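Letters A, B, C, D and E mark the chains in the order given here, with residues in each chain numbered from 1 onward.
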Amino acid sequence: MSALLLALLLVPLVGAAVCGVMATREHLDRAGKAVGLAFSAVSLVLVAIVWAQFRTGPGVPRFQGRLSVEWIPAFGTRFALGLDGIALTMIALLAVLVPIVLGFGWAEKLPPGRTGAGFTALMLATQGVLVGVFAATDVFLFYVLFEAMLVPMYFLIGRFGGPRRQYAAVKFFLYSFLGGLIMLASVIGLYVASDARLGEGTFDWTALQGMAAQLPLETQIWLFLGFFAAFAIKAPLVPLHTWLPDAGAEAPVAGAVILVGLLDKVGVFGFLRYSLPLFPAASRELAPLVLTLAVIGVLYGALLAAAQTDMKRFVAYTSIAHFGYIALGIFAFTSQSIAGASLYMVNHGIATAMLFLAVGLLIRRGGTASMTEYGGVGRAAPLLAGMFLIAGLSTLSLPGTNSFVSEFLVLIGAFSTRPVFTVVATVGIVFAALYVLWVYQRVFTGPLRGAAVVGDGPGAASAATMSGTDDTGDGSWARRTTARFGDLTRGEVAVMAPLVALVLVLGFFPGPVLEVLEPAVSATMAEVGATDPVGPPTPINGVPR
Amino acid sequence: MSPTAYLLLSALLFAIGAVGVLVRRNAIIVFMCVELMLNAVNLTLVTFSRINGSLDGQIMAFFVIVVAAAEVVVGLSIIMAIFRTRRTTSVDDANLLKY
Amino acid sequence: MTAPTFPSIDYAALAPVLVVFGAACLAVLFEAVLPLRGRSRVQLGLTLVAVVAALVAVVARATSGAPAVSTLAEALAVDGPALFLWGTLLALALPSVLLMADRSVEPGGAFVADPVALAEVEAESRVGVGASRGGSRSAGTSGGSAGGGGRGARDAARAEGHTEIYPLLLFALGGMMVFCAADDLLTMFVALEVLSIPLYLLCGLARRRRLMSQESAVKYFLLGAFSSAFFLYGLALLYGYADSVKLSDISLAAAGSLRPDSLLFAGIALVVVGLMFKASVGPFHTWTPDVYQGAPTSVTAFMAACTKVAAFGAILRVFTVAFGSTVWEWRGVLWVVAIISMVVGAVLGLTQTDVKRMIAYSSVAHAGFLLLGAMAITPAGLSATLFYLLAYGFTTVALFGLVSLVRGPEGEATHLSAWAGLAKRAPVAAAAVTFLMLALAGIPLTSGFTAKFAVFSAALADGMTPLVIVALVVSAVAAFFYLRLIVLMYFSEPAADGPTVSVPGPFTTVAITLGVVVTLLLGVVPTAVLGWVEGLSFLT
Amino acid sequence: MLDPYVPLVVMFALAAAFGLFSVAVAPLVGPRRYNRAKLDSYECGIEPSPQPIAGGGRIPVAYYLTAMMFILFDVEIVFLYPYAVNIDALGLYGLVVVLVFLAPIVLAYAYEWRRGGLDWS
Amino acid sequence: MNPVPPPPGYYQTLIADDPFWLTLIKVVIVFAALMLVTLFMIWFERRVVGRMQQRPGPNWNGPFGLLQSLADGLKLAFKEDVLPAARDRAVFFLAPVLSVVPAFVAWSVIPLGPEVSIFGEATALQLTDVPVGILVVLACSSVGVYGIVLAGWASGSPYPLLGSLRSAAQVISYELALGLSIIGVVLYAGSLSTADIVSAQQTGWYIWLLPVSFLIFAVSMVGETNRAPFDLPEAESELVGGFHTEYSSLKFALFFLAEYVNMVTLSAVATTLFLGGWMAPWPLSLIPGVNEGWLPLLWFFGKTLAFLFVYVWLRGTLPRQRYDQFMRLGWKLLIPVGLLWLVLVAALRVLRTELTTGQILIAGGVALVVLVGAALLLPDQAPPEEDPEPPVVADYPVPPLDLAVPPTPKRRRRAVTAAREEPEQGGETVTAGASREGDR
């Protein structure tokens, strides 16, 4: 399994290199895209094998498929990988989403001078680095990859993004980089502390976990805050979130999926993997702070989502609300809430991906992300409307969709320890229903209207120019008198279908995923030193379905 | 005379040189101020040599003299080159490089 | 008169320095006797051979496990750090030499044509006179053919370029090597001058934008001489305090001397100011941007990389060996200096519109980071700083190599606006610049990150937490202007009459590739180098 | 016991007094017949080609060059004096060191010669 | 036969015991003597040159015209003191003083004679003997340059400026050779004290031991004092009067005085360094007691006068040199020869005490090989340039009779062929060259 894990890391990177080379030749563009897709498919297969081999149940080791090679002995750092349930689910989600977004991007018209192969290369590079981020069991390695993943994403946004892409890319990079640097201080602090306590400096997660928990509270708090800064920016928690709407709105849709669906998960993943186990005392001490931010995030994200007219920004703000839930679940310190949060990470990825893709399909047709330019799209493109609706419902956690299970787990788990926060957060559910349905109503229902849908209004024209699409050569649009665009093509349906399936399957049948998550969750509980408030922990498989 | 007086004198010379470097704008004069500083150091070295009762300080003064000579040569040639190109030695007139 | 005792000389230990200085002298001789045609090739060959031979000698010495010695009447300490610094200097000199030698981008190289040769050719081609210094005579040839021949010869002389740069470079290099191995302040001072003076000259030799180049030379010279005067006065005061300028004696004296401490502290302050000037640590950095911008780019590369190595090598040695016993008295001041340096470098770097100036300010910020490591007078601090120097040097050399490739009609186009959309014109060059910029910013998997990590952890372990925090914030600020260049190159549309990126000649290619590869290797697998620097300690 | 340098000072004082007296007395003893042309700079009919610096003229480079060369060689010679005094004590070692010291200077000298730095046109 | 020379530093301690009144007396006497010698010298020069040119020279004032110089001096004192408007006030006044003072001070260290007794005080015929006597002389001659340069600069007029620059360049150029030749003496004497140097010559004058040093010293001495044939700063045909063009009256007299005192000083130094100072010449030195008491003054001034005669002789015989010839002589002949000679002397001196004969032979062989090698590397002297101008036969230039085209010189031939061989690259080169014309 170690070999598989290494392969999971390397395959996308090799693919990225191959595509990157092919991107320099104009005529290899299509071939490059195909090669990239093939590589991502290989990754998917590999993940499936790993998943099958992953052992669950009580008594499994903290990490499976461990791989540890000496890297920089002078720093006591090792190239160490290993999987726990949480990491596995995230990697699996990644492996699923990357082929989908690559498939989505297949037909995307790119701005002049940009090649699809280059785009694919950057996507695969992101995937490879992200696998490493999730699988790292060496804090130094984690940090290295944590910073390294900024680079391909920076170029994804900066090169393939919307009109304000430069601003968004730099903002994204600087926020994350600053957070990372603050975390670096803590990483070094951990190292120095380990040097003092263990006799030699180490970055091994297990060793550090044993050591750091013994640190005095004050030290723990300082170190915790260093990590927290990075993760809170990444997650993002509310006062540090402002880069996300910009980045989400300006990134290309496929990039936004990975950015919001997975890259940001590193933040909450970091809470789970690093903040809690390494600094349990500090985590408990500062939990109210985080919870406050989380709940504010839930409400603030929901309110601002409702106020958006740009659909990509809308999705970004809904994500902020969701991240609030996840953080709430993590810092409530119950098995249910943490399991729920872990599951939420997967589900949010799927839901957001789908929502983004649906928005992307709409933009591909209308040429703009502005809601005011659309109206009654459901008439012209019923399939698209359906997709959007499923994604929206999943986002608002309608029972039967995947998100419901996780949100429910979070809320009931958190309620037992933090009733006040939970109650306030519950209000967010109402908001969610409000903003999703409102958007759906404005865009998809009613008669055909809006410049992007029916006319050659200024919005359409400018949008067409902006995205570089050329609609004069396509006579099929002109023949339609009602709408300028049609429903989903077969290819587009094929791209969306797996997501629909996932939404529904995980909505009704989350067991396998929870099973994988369970050992990691209980280990985290043990590491943070928290016990469930009432009686023995309820088996999390026994939650209502 | 007490050696302190020599030390004070050399410190004074050094300070005059330093202030000159900072205040004057003509390259040649700035340069001469630097030389003044170097020679103030020589005086200090020789005085300390006397105080310490060792000859090292005087030997060091020799080294300083050599270095000062080399600096004079190189400095003059550079200043001369710029003078020949733009016919001024004022540091203020050298203004292509700005912050 | 008592018979003097003569110092013993450990030739094996000194071999690298001797090779470099010997080659420098030989190069002067070549300059005097060789004919103009082909001289540059011979000089380049000699320089390369000397640098490589010295490098081999350093490596041989380092691997042989020979004990650290202080030789030449304890003027030079050939110990672990000294050998590493020598290796670094020589390794950095190699690409710098190649950059200087490149003539493919600019016919005749980046330096002014040899005025003597030009005058010679001119005299030869003058109609009717025709007598040259070689004693040949061409009276009676027709004016036209004489003019035409003169033209060809003139171009040839121009193409041959300035060959004095090689001996100058070798002398500077030798001075740097002595500088960072000097075991007493006087040797250090002499070495300081030996390394500075050729650099002053090299700065003023640019073929294009000559005024700017000469101006930078004057500025560098005046401020350099000013700073060495400070160093010297500090030396004198320390001599008065300790009755010796040997670093170890100063340390001993500081532990218990009857002299007033004001001498010691004034001496330390002045010596440190002198050293900081050379290392372009803010607030003593004022010459840096001007000189970096004005000097020929290949010289800037050499200066930026090697001078910093040498200066910090000396700073490390002085701090550890001479001032180690008084560290608590002076460290507070250096905290302020380090903060100023980092902040000034990052903040003023933001406002720059010229690439070379921008890198100059970045180097000021980096000097602040380096100071962090140097201030931690611990083995970890020492090894971290040494590693940082190596990493930073290679990154900088490669970066300036790339800067020299971006050319407009007026020579190098260093204004930021000229770099817009460069990625479209030259994807490979842009990618290399990007990578190096990320290394300067300290992104993981580049040498910049490894180096920063090492330095910061050393500083943190030595109790400089606030400084490390400042350094991290400054890193983020500085990242902004690195990113800005990347943004310009990748996300902006190229200007219609923008500069072109020349196809680099083999020399430049090798130099840049070397820099990029080392930057990458030190970021990904720094083990070998870290292993080397780890156990090093100064001879006290 | 008199410091051996005191007579030097006395001599200096006497010579300086004599010189200053002469300079000071010169305008007093001579006649004064004002004539504007007398106060002008001396000319002999032809405009001298190198103007004085004050008038924007330049000093030929060769003078600077000579000055620089002088500084270098003079410093070299200064080093030879102490050696010459102590030649017997320093012995063979001293000789070798002095030769090593001279070698770069000779080299520089050869370079200067060859590159025409010693030529006056 | 020769008495044992006193130990080094003997005269120094002897003189150091002088009471202050004795010092004062000596100072006054030396000063007065110098003035007298100058007056004499001016007369002497004019008379000797006159004789050389088959004319009597000054013979009207006093016996043999001896008072001519005094008359000239008095006349100068009563001339109008012209002060040019463009002068720099302070410096214009100080320059003559600066020029004359070092000339006198240098005399303080010249040993005029051995131990004598003045008013019962045992002392030496020397104003003072300092351990670095020779350096005092050199320092004084260097400071004298300031007087010249400042005089030229302060005049605010082109001729003096150029004259002073020339003069300064000349003095400093020849000072190098001078310094080098003195080192030879110091090598053997082992001391910088002038008295010690003279004592060291008890066994033999250095002119025999160090002939090359002496020659170099003699030539440099003439150059150093700006005397014919090296009197370029005062080249009337080019520079009117040199650095003192704008000076008149007593100020001019001071420069004049300084020049002559310098001449005398250097002659005295040459005597001290190479001719055994105050010691009697060979056949006379066999007479016992000839080197004691006041008698050596005679020998000393005799030798000095001999040098001064040579000065005059040179002036009367040789034409003035061209400036480039003069500088070439200094820089390209005197300095390298001086340096080589010095190394040779030092090596011999060291090796004689350090090595066996066999080793000396081996070292000599090696040195020879090195020398030969160095000689191969030495730059080739340019052959004398032929006059490119066609010979003027009548009032107009005519072409040479042999109209053969001379062979193309090597260097140019290569350039021409190179240019012909690269026509393809030529285009590129030309455009590149054209664009490069825009260089600043």
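Side notes on the structure shown:
What we mean here is this: contacts are C-beta pairs under 8 Å (C-beta built on N, C-alpha and C of every residue); 3 or more make two chains touch, one makes a residue touch a chain.
In this text, all values refer to a predicted model and were calculated from it rather than measured experimentally.
Note on connectivity: the fewest chain-to-chain touch steps from chain A to chain B number 2. Within the contact network of the assembly, the step distance from chain B to chain D comes to 1. Taken together, chain A and chain C share no touching chain. Here C-D and D-E are compared, and the pair linked by more C-beta contacts is D-E.
Taking the mean of each chain's C-alpha atoms, the chain whose centre lies closest to the overall C-alpha mean is C. Among the remaining chains, A is positioned farthest from chain E, on the basis of C-alpha centroids. Summarising the inter-chain layout, the chain whose CA centre lies farthest from the centre of chain D is A.
The distance from the centre of chain B to the centre of chain E, with each centre set as the mean of the Cα atoms, comes to 31 Å. Separating the centre of chain A from that of chain E, both taken as means of CA atoms, is a distance of 91 Å.
With centres taken as mean Cα positions, chain E sits 12 Å from chain D. Inter-chain centre distance (chain B to chain C, centres taken as mean C-alpha positions): 24 Å. In chain B, the residues that touch at least two other chains are 70, 77, 85.
Counting partner chains per residue, chain D has residues 67, 74, 86, 110, 113-114 touching two or more of them. Taken residue by residue, chain E touches two or more other chains at 377, 379, 440, whereas all remaining positions touch fewer. On the side of chain D, the complex with chain E involves touching residues 1-8, 10-12, 14-16, 18-20, 22-23, 25-27, 29-33, 38-42, 44, 48, 50-54, 57, 59, 62-63, 66-67, 69-70, 73-74, 77, 80-81, 83-88, 91-92, 94-95, 98-99, 102, 106, 109-110, 113-114, 118-121.
Within the complex formed with chain C, the chain B residues making contact are 7, 14, 17-18, 21, 27, 30-31, 34, 37-38, 40-41, 44-45, 47-48, 51-52, 54, 56-57, 60, 63-64, 67, 70-71, 74-75, 77-79, 81-82, 85-86, 91, 94, 96-97, 99.
Residues 61, 64, 67-68, 71-72, 74-75, 78-79 of chain D are the ones that touch chain B when the two sit in their complex. Listed in rising order, the residues of chain A touching chain C in the complex are 24, 70-75, 113, 140, 143-148, 150-151, 154-155, 158-159, 165-166, 169-170, 173-174, 177-178, 181-182, 184-185, 188-189, 191-192, 195, 201.
Of all the residues in chain C, the ones that touch chain B in their complex are 186, 189-190, 193, 197, 200-201, 204, 210-212, 214-219, 221-222, 225-226, 228-229, 232-233, 235-237, 239-240, 243-245, 289-290, 293-294, 348.
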